Each structure stands twice: as C-alpha cells, then as structure tokens.
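Both complexes below contain subunit A, partnered by subunit B and then by subunit C.
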Partner chain A sequence: MGRYLGQKLLIYSLTFFFAVTIDWLIPRLMPGNPVDTLVSRMALRADVAAILRSYYLQAFQLDLPLWQQYLNFWGALLRGDLGVSIWLFPQPVLKLILDAVPYDLFLLLPAVILSWIAGNQVGAMAARVRWLDNSILPLGYILTATPYMWLALILAWSLGQVAGLFPIAGAYSFGIRPHLSWMFIKDLLWHWFLPFASLFLVMFGGWAIGMRNMIIYELEADYSRYLESLGAPPRLIRKYAFRNAMLPQITGLALQLGTIVAGAVATEIVFAYPGTGYLILQAVLNQDYFLLQGCFLFIITGVLIANFIIDIIYALVDPRIRTGMTGA
Partner chain B sequence: MGLRVENLRVYYRTLRGYVRALEGVTFSVADGEIMGLAGESGCGKTTLGHSLIYLKPPMNYIEGQVFLDGQEVPIWDMKRMNEFRFRRISVIPQYAMNALNPTRKIGQLIADLLAAHGVDFKEILPELKRRLDLVQLSHEVLNMYPIELSGGMRQRAVMVISTLLNPSLLIADEITSALDVSTQKAVCEMIVEFRNRGFVRSTIFITHDISILYQIADTIAVMYAGQMAEKAPTEAILRSPRHPYTRMLIASLPQVGVRYREERLRGIPGAPPRLLDPPPGCRFQGRCPVAFERCVETPPFVEVEPGHFVACWREI
Partner chain C sequence: MGAWYELIYFAFRNVKLRIGLTILLFFVLAAIFAPLFARYDPNAYVGPAAHPPSPEHWFGTTTFGQDVYSQFAHGLRLTLIVGLLGGSIGTLIGILIGLISGYRGGLLDEILNMITNIVLILPTLAILIIIAAYLTVRGFLVQSVFIGLTAWPWAARAIRAQTLSLRAREFVDLARMSGRSSMKIVLTEIAPSMMSYLFMVFILQFGGAILNAATLDFIGLGPTQAFSLGLMMNNAVLWAALELGMWWWLIPPGAAITAIVGALYVMNVGLDEVFNPKLREL
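The block that comes next holds the complex of A and B.
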C-alpha cells in the first residue's frame, strides 16, 4: 500500500510540476506583453500607469532572464503569492479566488453529492423495476443529452423570467450585505436554487443511467449467474452487484468533486453566480492573465488532489487494485 | 436412486422462432455413477445441464419430467428450484474461473451463500478446510480475494464450494476444456475422489472431448443435435458402439486414450441440422450412411442390452 501510494504521489507531483510550468507559460506565450496590456488598460490616468508599470515590472520581473522568472514564480507560488488582479486592481488574485471558492462549494457540493446519491439509488432501482426503467431511462438520456446551456437557460427563462419564482442573477439580492440572519439565509437559498437545480438535473440523469447500466451488467456477470444457480436469494446477488457497480461511480464522484474548484463555468455565467467559473469568464473578458493563471492553478491542484483521493479510496474498496499493487 | 430424466423438451425462444435445443431427452444416472455427456459443440449439452438446475429465459420448458431420488424436480419453476439448488443439485459451471465475486473474500462469499441456505459457516468450517486440503488449496484462500488466486486455484475453490453441501447430483460443464493436459488429469481425479468420498452421488460430466471420459466416466451418453443418441457403460461405448453417429465418432478418434480434437468430427461428412427447424424424425438422417425410410420418424431410446440404450431404427 505504501509503495503504491508513493508511486502515485510521485506521478502526481510530476504532473503538478508540468501543469504549473505550462500555467506559468500561458501569459508569456500570449501575444504582447501582459504588463503592456495591463498598463494600456489602466492608462486612463498617467500617474496610475507609471505606478502600475513599475509595480508589475518589479512584481513579475519581466526584464529578468526567463529561467530566473521561472524560479521566482515557484518561489512566489510556494509563499502563496499569486499576484495581483488586473480586472479588480489592486486586489490580490488569491483573495479573489478565496472569495469565489465558497460559492463554488455551496453550489457544487450539494449538487454533485445529492445527484450522485439520488442517481445511484434511482438507477439501481430502475435496474429491477420495469416501469421505473421505462420512465427513468428516456428521461435520463434526455437530461444528459440536453446541452447544459439550454437546460439552464430554459430554467432561468421559465421559472425565473416568466414565472418570476426565482431570481436569475447573483448569489444574494442586490442591496443586502452578507450577514447572519434568517432573512439573508433565505435570500441566499432563493438565489441558489435555480443554478443548483440545473446542475442537479443534468448530473442526476448521468448518474442514474450509469448506475442502471452498471448494475444490469453486473447482474449478467458470471459470478451473479453462479450464485443464482446455487440458489442464492436475489437480495444477496443484488447486494454484490450494487457494490461492484459502485466502484466506477465512486471514481466518477471523485472526478466531479475534483473539478468543483473550477466552478461550473456555464452555470455561473448563466446565473451570474460569483464562483470561480464566473471569475474565469471575467478574467478572459478583461485579459486578466494573472487571475486566469491563478484560477488554473487552483483547478490543477483540485483535480490532482481529487485523483489522489480516488486512488486511495479505490485501493481501500477494490481488492483487485489492492492485490495488484503487492504484485500477487 | 439417482437421477431420472424423461422426455425432456427445452427450447430457446428467439426472434426467429424456437431453437429446439433438447428434443425428448430421456436417460437416468444411478447413485454413484459418473456419466460423461459427450457430443459436438452446439448439440445441447450445456442446455441439458442448465435445464436441471437453472432453467431461465430464453430457455423455455416445453415438457418432460425430472426425478431426483424418486422425487419430482420442478425445473420449470425458478423459485421452487431454490430448495434443490446447492443442497441437492449443484453445478460447476463452464466459466468456473470467473464464477466468484471479485470483490468478496472467498470465505465471506461462502458464508453469505451458506447463510442464504440456513447453514452455519462456523459449523461447516472444519469440513470445508478438509476439502480445501483435498484439492490442495491452502486454508488461506478463505481470506483472499479471487484475484489473488490463479485460474486453476479458482476453479478448485469453485469445485469445493459447489459440492460443500453434498448434493445428490453434480453437473460439471466443460470444466477441463480450458486446461492443459496434466491439470485436466488432476481435475478428473478430483471429480472421481469427490464421488468416492460421497461428497456427491451422481455426476454428469459434460465435455466435447470423449477421450477425457475414458479416464473417469462409468457411463457415456452421446448427444446429437438435441437428442440422446446412445448411452452405455464406457467400455461398451468404446468397444461396441451401436449408434451410427457414435461409431463414426469413435472411429474418428486416432486411438483410445489419445486426445482427439474437435476438428476431427468434421471428418464425418455433412453438418448437424439447424435446430430452428430440424427435420422430423432422427436428426442424424442427413449424415447417416445407413438411413432408410423409417428414419423420418423419431426413433425411441431403447435398452438393447442391459444398461445400453440406443436411439436408432437399425438397432431395434
């Protein structure tokens, strides 16, 4: 086990190293000099432009040789310094991201986990209840096949615009300051509902279909047939099938959780929900390279950590892997 | 009292109609008898084996009766069959190497299975260990996952599991087909040993490889295209086969005891009839060198000598 995790850790470290290097390259490969772009954007006032230029030349030391810039970048990174945003100058990128991440978590954690639980349960049921199968399967396929944008826009339009049941922008009402009160919590949930529901629906369809197909596959597997020939009750056979069908679902869950830090770009754009996805959009629109770089760094880290966690979970639940790694 | 199968008819329901995989099969297997069931691929051996324990769609029970130790076995009833499965009728499937749930330790799996039949794992554990010794598996396998065992070890584990409750009837389907010659021999010896020690009473040992049967079978039954062609003590099938198909089959073997390969059967001109719409009467007529008018009627399976049954109009 230790050796297996050690190997994985090494692979992830290497991946992290290369991913960060590429992330570092992005602004440097962009046409033009990020500092010039920045300064020209900010050049409404001459004094600000001068301050900015010198600040950035210092902060990023773009006049230094590349190898030194690169080393300095790692140094800053390890100190948790991701630079300063252009879009919301002079706020540090790290602060912007840390402000956005709670919204991502608030939106995506419940959407991913609840849709995963519900999808697995319903999918497993659909595998043995005919009428449920006949309704869930087409519905699931429609839900997963619908381009997400559509679904989100339809929800926003029907329940938000036309019916006026839910607001369609922001995380809370304009004019309320975040504070701890029932009024604010209600407002927060009210704004949260549509983006959450749109994500839940799409993911639910995928989980349910995946689970249903996996269970049916497992129920047809040789070990199920053997148990059936030996008169094992359907309950036992289904229990085994469910457990085995869960393994790919666990991977799927962990992968989904890993991308949470990336926010749900489409959702957050449609519903103007202030998570990382929304930040990425703004960073692109405003040519905020450093913010973009910071967001990507977050995503890389999140995906890698999630993958590492999957590997650990898998090693714990699936003996095929556990024994594979001792070389039996 | 053993097993008695009478006029068993089992078809597969397909989109193109019924595949008549078993057509009026009649035979019996005595207590302590190991009956080899031979015949070309596709002649219905697996279907027959499954019918006796696990008759499930697309298999369709049409007619016929099965008696085990004098008691009728409701093979057409998936639910009621659970009383018979494992305790009284058991199977070592063709896919024995993959028959164990990959994510359950073998000991736990056995405990689950026993619990489902109301048997206490702890009580049976000493006997289980003795049997593991017998098939040369360490007791450690109970604590292992199937993946930790080689294919051969998994098969032996399945052999022990399937026979743990001392069934009256054991069906072993092509359990030697995927093995090399020396392992085949060991597996055959285990089957004989299981019988000798009384773990199982009657055994149906299915194989398309007749030469294997010389080593272990007391009797050999030969099937052709869903019908029983001949059944007799091994020696009789070997020395004096009576059915034209059996004769050609035996003649096509190079020598007694030498392993024959399936391709050799193609030495018999022609091909078996399609089981979707087989001709009426003896299904061998298309390839039979001695066929005559009468063969359009189905020949009965009659005892021409004590313990020697043949379905051929020429032999009656």
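The block that comes next holds the complex of A and C.
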C-alpha cells in the first residue's frame, strides 16, 4: 500500500511541476511582449497605464535570463506570492482565493459526496427494478448531458424567479453581515440550496447510470453465476456485486474531478456565488491575469489533493491493494 | 459483405440508436439550414428590447433588442463545428498514442503512459482558461484544437488496453511472422478489429467537446468574434436575463446542447448493443 501511494505521489508531483511550468510558460509563449499586450488591452488613462506597466515589468522580470525568471517564479510561488489583483487592486491574489475557498468547499463537498452516494444507491436499485430502470435511465442520460450552467439557469429561473422560493444570487442576503447566528445560518443555507441542487442533479445522473451498468455487468460475472448455482440468496449476490461495482465508481470519481470543477465554476457564475468560479469570471471581465493564474494554480492543487484522498480511500477499500498484492 | 448487412439490420432495429440518430440529424440539419432563415444579423440591434417571442422575432429579443433566433441559428452551427473538430482531434491523438503505446510497449509505453496520466489528472478547464486568457484573438479553430489537445487521455488509455489484448491474438502473431512492418500490422490488423470501438470513442469525444466548449464560452473565454450557444448563455447571464425573467433567451441554447449531447450518449449505448451481439435484444 505504501508503494502504491508513493507511486501516485510521484505522478502528482510531476503533474504539479508540469502545471506550474505551463503557468509560467504560456504568457511568455504568446506573440509579442506579454506586458505590452496586457497593458494595451486594458484601455487605461496614460498615467495609470505607466504605473501598471512598471508593476507588470517588475512582476514578469523580463530583463532577467529565462532560467532565472523561472527560478524566481517558483520562489515567489513557494512564498505564497501569487501577485496582486488588478480587479481589486491592491489586494494580493492569494487573499482573494483564500476568501473564496470556504464557499467552494461548502458547495462542492456535499454536492459531490451526496450525489455519489445517492447515485450509487439508486443506480443499484435500478439494475433490478424494471420500472425504476425505465425511468432512471433516460433521466440519467438527460442529466449527464445537461451543461451545468444550463440546469443552474433553469432552476434559478423556475424556482427562484418564477416561483420566488429561493434567492438567485450571492451566498447570503445583501442586508446582513456574516456572523454566527441562526438567522445568518438559515440565510446561508437558503442561498446555498439552488447551486447545490443543480450540481447534485447533473452529477447524480452520471453516477446512477455508471452504477446501474456496473451492477448488471457484475451480476453476469462468473462468481455471481456460481453463487446463484450454489443457491445463495439474491440479497447476498447483490451485496457482492455492489461491492465490486464500487471500485470503478471510486476511480470514476477521480476521473470526473476535472469536469466537476468546471461545473462548479459555471454554477457559481450563474448564482454569483462568491467562490473561485466567480473570481474567474471577474478576472476574465477585468483582464486580471494574475488572479486568473492564481485560480489556475489553486484548481490544480485542489484537484491533486482530492485525487490523493481518493487514492487513499481506494487503497483502504480494495483488499488487493490493502494487502499489497498489486501495485496499481 | 454479410457482416455489414447484419450490422445495418441490427442498427435499424435498435430503438436507442434510432432515437439518438434522429435527434442528432435534426440538429445537424438545423445547423445547416436555420441560419438561412435568419432575417437579422445576430449582433445587430433590430427590434424592441427584451421582447418575448413574436411572429416578427421567433425566439424573442435580447436585452438590447438583438434577434435571439439569429443568434441561436449561428450559435448552433458553431457549437456543432467546434464539437466535431475538437472531438476528431481528441480521438485522433487518443488513437495514435493508444495504438503506439499498446503495440510497442517497453520504454516508449512507459513514457507515453506517464504523459497520459499527467494530462488525465490536469483539469482540462484550468488549462484552457490560462491559454484562452492570454490569446488576444481567439477563433473557433484555436478553441477546437486546444479542446482536442486536452481531451484525449481517457481515449488513449482505453485504446491502449484494447491494443494490448489484441496484440497477443493469433492473427496478429501470424501477421508478425509473415514479416510485415509494425506500422502495417497496426493499421491493417489491429485498428480495423476495433473500428466499432473507435467509432464509439469518437462519439463520446464529440459530446465531451461540445460540453467543454460550452463551459469555456460561458465563462467568457470562447471565440472572440463568433456566436456560439455557450456565449449566448454567457450574454444572457451578464445582461440580467435571469432577473428580467427572459426565458426565451435562457432556455433554447442549453436545451439544444442537452438534446445533442444526450442524443450522442444514447446513440453510444445503442451502438454498443449493435456491435456487441451479447447485448442485442432479440
């Protein structure tokens, strides 16, 4: 198990190294001088442009040799210096991102975990109940094919705008300041529900279909047939099938992380929910490149950490890895 | 020839494939012909602002009085083109890397596998965000290429696994004994044996590229000059379609994407049943 996790850690370190290198390389690969491009696109007053230009020049350090620029980039990164935001000048990018993280986690963790559990349960049930299968399967396909932002828009329009049941923007009402009280928590949950529900529903469709197909496959497998011929109760066979079908679903969760992150970004934009997705939108609208690059690094880091947590869970759940019988 | 007739026979008997294909064809035809019926420039301010559907403007107008139908017709075309291009590029790279890595094995396989694993973990959207942000002028071609460049890893992995199992079969051994070059064996023996699988990979890549492009456009990092369904949703959100309850602007673009991608997924399941005799319902 140690070897297995070690191998995974190596891949993740390489991935992180690769991502940081891309982050450094891309502005320098683009045609022309990145500083001139940035400043000219912002259409500022001449004096402001000059200030910004000198700031960018200093930040990019284009006068240094390339290898030194690269090392300095890593140095700044390890010190937690991601530059200064242009949108909310002069706040540091790191602070903006750290402020957004709690909202991301508050939205994503419950949506991912609950949809995964519910999808697996319903999918497993659909594999043996005909009428459920006939309704869950088409519904599941429609849900996984739905772009996250569109479901979010539909929910916001129908339940928020037309029915007036839920607010459609922000993490809490404009009138109140964040503090610890029942009123605030209720307000927070009330604003949280629609973005959560739209993320939950899209993911749920995918997990339900995946589980249903896996269970059907497992019930056809030799060990199920063997158990059946021994006269084992169907409940027991289904339990084994469920356990075996769980493993690919855990791997699937790791593979889906990238898509989930993209979905969360889009959903936060629809609901103006103050997580990283909202930061990205503001960074795009305000040509705030350091903020954009900071969000990029933050997403990569988050996905890598989540991958590693899933690997640990997988290693704990899969007896073959637990006992060190296989490396991957 | 007999095998082909049988496949076509089962293809037309398969309900899922028929439904999926019908919906897809409908939207492909709409993408080709709908812009011809658009009476207005999608960018021009041609009517009263925020007006619901009317005989004059079939899908209503935007907050600024642009014709939603014209935007939808042109957006649908671009969305399908980007999906097709991005999906093709992703599939081709996946096939190339999967076949080479699975057939050659050894050190090359190790290296390609490592690259595949790294790109597989990297969230596509994050990379696309950073690239799109620094490109001053973005065309749909650039977008398709980058979507394809980041979407191939799972395809490569799956095709590699298939190649590995095919490589050990007798007919491939026979071909190798006959002294044919590796290149020829891969192209004439291995690739044709998994043609049906490759086709299904392409369909999933097609759907994935459409969804990726829509998300990117929605964030505001899509093509800078053209109209797409994702960009329509981006504009709708930025210009308060939600607050003003302009459902005619919010619903069509996403509904079209859902229908197209859903049709592709259902087609994929149908094709699986057609190609795999075990799954056929007789």
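Everything that follows uses one rule, which is that the second predicted complex is superposed on the first by the 272 of 328 C-alpha atoms of A that agree within 3 Å, B and C clash if a C-alpha of one lies under 4 Å from a C-alpha of the other, contacts with A are read in each partner's own complex, and residues count from 1 in each chain.
Going forward, contacts are C-beta pairs under 8 Å (C-beta built on N, C-alpha and C of every residue); 3 or more make two chains touch, one makes a residue touch a chain.
Just so we're clear, the structure is a prediction, and the values are computed from it rather than from any experiment.
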item: Which superposed partner A:Asp222 touches (first subunit B, second subunit C, both, neither); value: first
item: Touching partner for A:Pro27 - first (subunit B), second (subunit C), both, neither; value: second
item: Residue contacts on subunit A - larger count, subunit B or subunit C; value: C
item: Partner chain in contact with A:Ile154 - subunit B first, subunit C second, else both or neither; value: second
item: Subunit B versus subunit C as contact partner of A:Ala232, first or second or both or neither; value: first
item: Residues of subunit A at both interfaces, subunit B in one complex, subunit C in the other; value: none
item: Subunit C-facing residues of subunit A, complex; value: 11-12, 14-15, 18-19, 22-23, 26-27, 30, 34, 37, 41, 141-142, 144-151, 153-154, 156-157, 160-162, 168, 255, 257-259, 261-263, 265-266, 269-270, 280-281, 283-285, 289, 292-293, 295-296, 299-300, 303-304, 307
item: Interfacial residue positions of subunit C with respect to subunit A in the complex; value: 114, 117-118, 120-127, 129-131, 133-136, 154, 207, 211-212, 214-215, 218-221, 230, 233, 236-237, 242-243, 245, 247, 250-251, 253-255, 257-262, 264-266, 269
item: Complex interface listing, subunit B residues touching subunit A; value: 53-54, 56, 81-87, 90-91, 93, 95, 98-105, 112-113, 116-117, 145, 147-148, 158, 161-162
item: For the subunit A and subunit B complex, residues of the former touching the latter; value: 221-223, 225-233, 236, 240, 243-244, 247, 317-320, 323-324, 328
